[in-house]
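A short write-up of the structure that comes next.
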């Protein structure tokens, strides 16, 4: 069990929410690839808290400091290491903090695993803050992929019951990808934004939170990557995607809908188009037998509602060994779906770079 | 990319449908564990084709031959290797077989990956037959788990639009587990069997096929296994489950339903019961922050309809490089869901033995 | 801990000396490569017991049966599995066999590790017989390498105090490679054969055994493979080489001699030759900073004397928990060095295919 | 190929000599273990340049900054990350530096591997400076081991032709371990120090360098760890040890001497001592069949002379593609053996923690 991912490109994520710093080491990157730092920072900004619709590469103190692996913005081939310092480290007393685990959180399960030795301040290693170095790693990987014509794009497919349009799975518009790749509240159909924000605001007003889904696609990937059985693309992407906190489901192509479909409906007919084999539909999400078939890889993930809510909740007191009630104070994101979009893209980029 | 799974317990699956044999090597098993061969064969029988409702340990020629790793039915600690010989090997001409890839199948993507060198007879390494050694491996792993009080159980949760009852996720009856673990058409509510079989029969009569879902649970597993980020239980199970052909989605606990839920609905309240911390609901499927919380692990997978259907389908002729039509002859399973149940249990057992 | 090796090309070896069969699964091999089975069998024959000087591809019952991964002698890209059946399986009583562990053998350490559950008949999984599937795997890998111009060659560099000539480390003759690759008692200078055989015969007559060294080289490998720190070629080859029973040391280039040398003696001067960078000497064994430099990789391994000797030896009785004496009966190879030569070549081939 | 080591405890080393910082991430460490920071710093000090004989835990600016994984000097179970900032970063022009590769160095092989994109300032990722984070990681691992009674100890067994005494391989004195573990010029027989220093001084005066050997032992490790074939202890330790720059050979127990020995001389007789099985000699270095036998693990490594010498050397000009001469300026360590002692101990600790 580890905070490490990948065989070809190895990602090692570290950090705790209130420790000295968080970061990532990426081993196995190709030497000589130029990285556009501004575009990298845009991805970091998309994940960062804040209200604006379009992310800009602001150079603030909360930025990753690159320690190694890059010289003159070019990958050297040595492990790429980046650190984001934690500036909000407080040395208050926290020894008794972990008495009442928050429902829906890792508090209890981590307490058992680490026998109480884990750093629970701000969620420790389980904090959503840890997705920042993941986005950094993913932003590097996607630039490498883009130089090979492979693009990653995701959007908020739903929040609560409000849905965005879905990707056209056989052909995703380049302009759309470009727009979504810089957006902060990432939607195909921007008309649903108000309804989605209302869903979130309602949850917030009720001291509650709300879940959603994210649809992600990989375009420009050739047929023939991946493999049978445990070497399949679905498994590789899933392993990466479930590395993102709060993800509880994933489906490729039509996914769970396929369970109600007939073979004659589900099978994607092959056809030649401009001398290239394509499929007329893409119910399989671009993957057949665990191997890419040249169509966009398309999948959707389920994001659970933020577990930290301010309503009174039932829990236990682990010291007194009795039932208890818990009220969590402080400001919490009532919906993490918008900020999770670039994180899903990031882990997808890391996974894809591992299989090509 | 490989047909290998696991770090602690390594599974290496081999074989092609019409080659000399298929099998598996399992490295890392604990020495000294006694294996009940009859119970192992029941799991093999559940996956084997045939109509009866309850599996029996028939000792036929299609049985696994154990080459190493077991002495007097006891694991020796050396790699456990088992082979199932293929008796239907025909040496006919097959060089021109791969002209028109079957829609929904690995034919085309594998053709590209292996540059035409793969053995396509009967699906080759992509054949569903490869799940037989996986069930063998899983059957060994689950006996090891059972000796530690951990049980794996699954059932057909739906075929087409016909649904079975779902597990009570906070408490799964031991008797029910016992019954399901020996069943061939594995249902909690046996009253839905006729309707499900009708769904399958209708598909068959229409030269079509139908998909479904399988719900799987792991009981008796303590809190504290798994880990944060890429070491999470969801990722580990997914990696294993997507190793099974035809699986296109997975969701843990309430899964995709969580995306429409509020935090106050989704969070599972903690409570003491007989001195043990439990949750009142189990929407999280027994996993918090990637780590088991002591409740049953519960997940559901989506099984696509068998791609091999006898209806005429649109495809391409890869030799002539033009569009074509395809009619697949021969007998095909119009629904693989019932036989996939023990396979899902098997990969789950392998995954769980890797994380505890 | 496992009988598995490799990340890119994964080898999984299985079998016990008196079990049903031994074999290997090789995952990750390139599809479409034609394998010359006769040349493969020559490597198997070089390892097999027998007196002749030159190996021939005899097709006997002790041959590997290829179960999958090969069609018409061409790799399909699916895992390549081969089994050698054990025909000498006897079902006699062996339950009390493991009372007095043989000195120098794995008997005692394995007994502790497996808590007595391991199959000790004929050495079980620790038997030298397990090197047969390793040679099979290596023979496949080296043919793939040869098609890329990379050759592996080894010879008996010493038995006891009798030494062969060493390779010219900057330039190894192609004709020599060809001859050595088919030899059974593999020597550069065949004049030392008699003296070496006498060394072995003397040991045998004294109911004793004798060790030796093997020198191995890899030619035709370009500069630039391997990596810094734990990704170095030395580490990769060592990991593979110590997988061979009885190997207790390895040194690259001048190896331990370097410890007495000055930098001015040890450093290999660079020079252009026919437009290509070479080194005038090759004290570093073709590896600088863990990375190949284009010169032959050269290393030497130490083979300990066969531990099974017929002299009376001091040991313990693990049942009675007291000191004991042991006389091992039966015929034992007084020197395994000649037969270990193709095994060292095999693991080297597997290692090299993993790093290029 | 990577700067990563280990499956159970994963070490990811990063940094370049003149980059912003070097460091290490260690994943998989047990939660709740208290680390003595002073003792950790002693190990760092033993590796640091400087003349004194005994290391002290000086708290300087060149110290590791722990970013995560430790709270109140106790491991939290999250990845432990430490960074040492590089303060000597100069931004001078270096673009044309890599023209003439230094003989014996990684310059040429790395140039080919990274196609010239690697950071060559001060050796970049290949700098000996990278062993500082390795010592940090090892110092943590050895404290964990010590709490289980396992100790690692090494000494300078030779420099040039001057030899120290060797360990008594069947019983290594606790007091000796204690003394050596804090020494900077680590010798069993301190009387040979002057002769050794003279060997080094002579090399230095001749603008040359000198190699040596290091003997290392692991005490207090029970029988039964490791495994057959590729899971052997020798392979695991070798993989780690060859991760240290300048190591060109390794031998376990009597190592290469075994090649000249008879089985009757080499085999270590078993005997009961205080109810425990021991061996009377330890020619096998504590490992039988790849598995520990309860005796000290003993091995020796060969350290090549520092390749950076100030004498004029023959090399090539990679830009002009012609032969050239090279004079390296600057101060270079004429013998790295003394400082390599704690590095060898460190990688051994990491390897051992991976196999127990």
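List of remarks:
Per-chain residue numbering starts at 1, and chain names A, B, C and D are given in the order in which the chains are listed.
Here, contacts are C-beta pairs under 8 Å (C-beta built on N, C-alpha and C of every residue); 3 or more make two chains touch, one makes a residue touch a chain.
Just so you know, these numbers come straight off a predicted model, no measurement behind them.
Between the chain pairs A-B and B-C, more C-beta pairs are in contact across A-B. With centres taken as mean Cα positions, chain D sits 46 Å from chain B. Rounded to whole angstrom units, the spacing between the C-alpha centres of chain B and chain C is 38. We define each chain's centre as the mean of its Cα atoms; on that basis chain A and chain B are separated by 27 Å. Residue positions of chain C touching 2 or more other chains: 1-4, 13, 78, 113, 125, 228. Judged by the touch criterion defined above, the protein chains are all mutually in contact, each touching every other. Residue ranges of chain C in contact with chain A, taken from their complex: 7, 78, 228. Chain contact summary for the complex, chain A toward chain B: residues 1-5, 11, 13, 101, 103-110, 112-113, 125-126, 130, 134, 158, 160-161, 203, 206, 208-213, 222-232, 234-236, 238-243, 245, 247-256, 258-272, 275, 277, 279-280, 284-285, 287-294, 302-309, 311, 313-316, 318, 321-323, 334, 355.
Of all residues in chain B, those touching chain C in their complex are 1-4, 10, 12-16, 19-23, 25, 27-28, 31-32, 65-69, 71, 74-81, 83, 113-119, 124-125.
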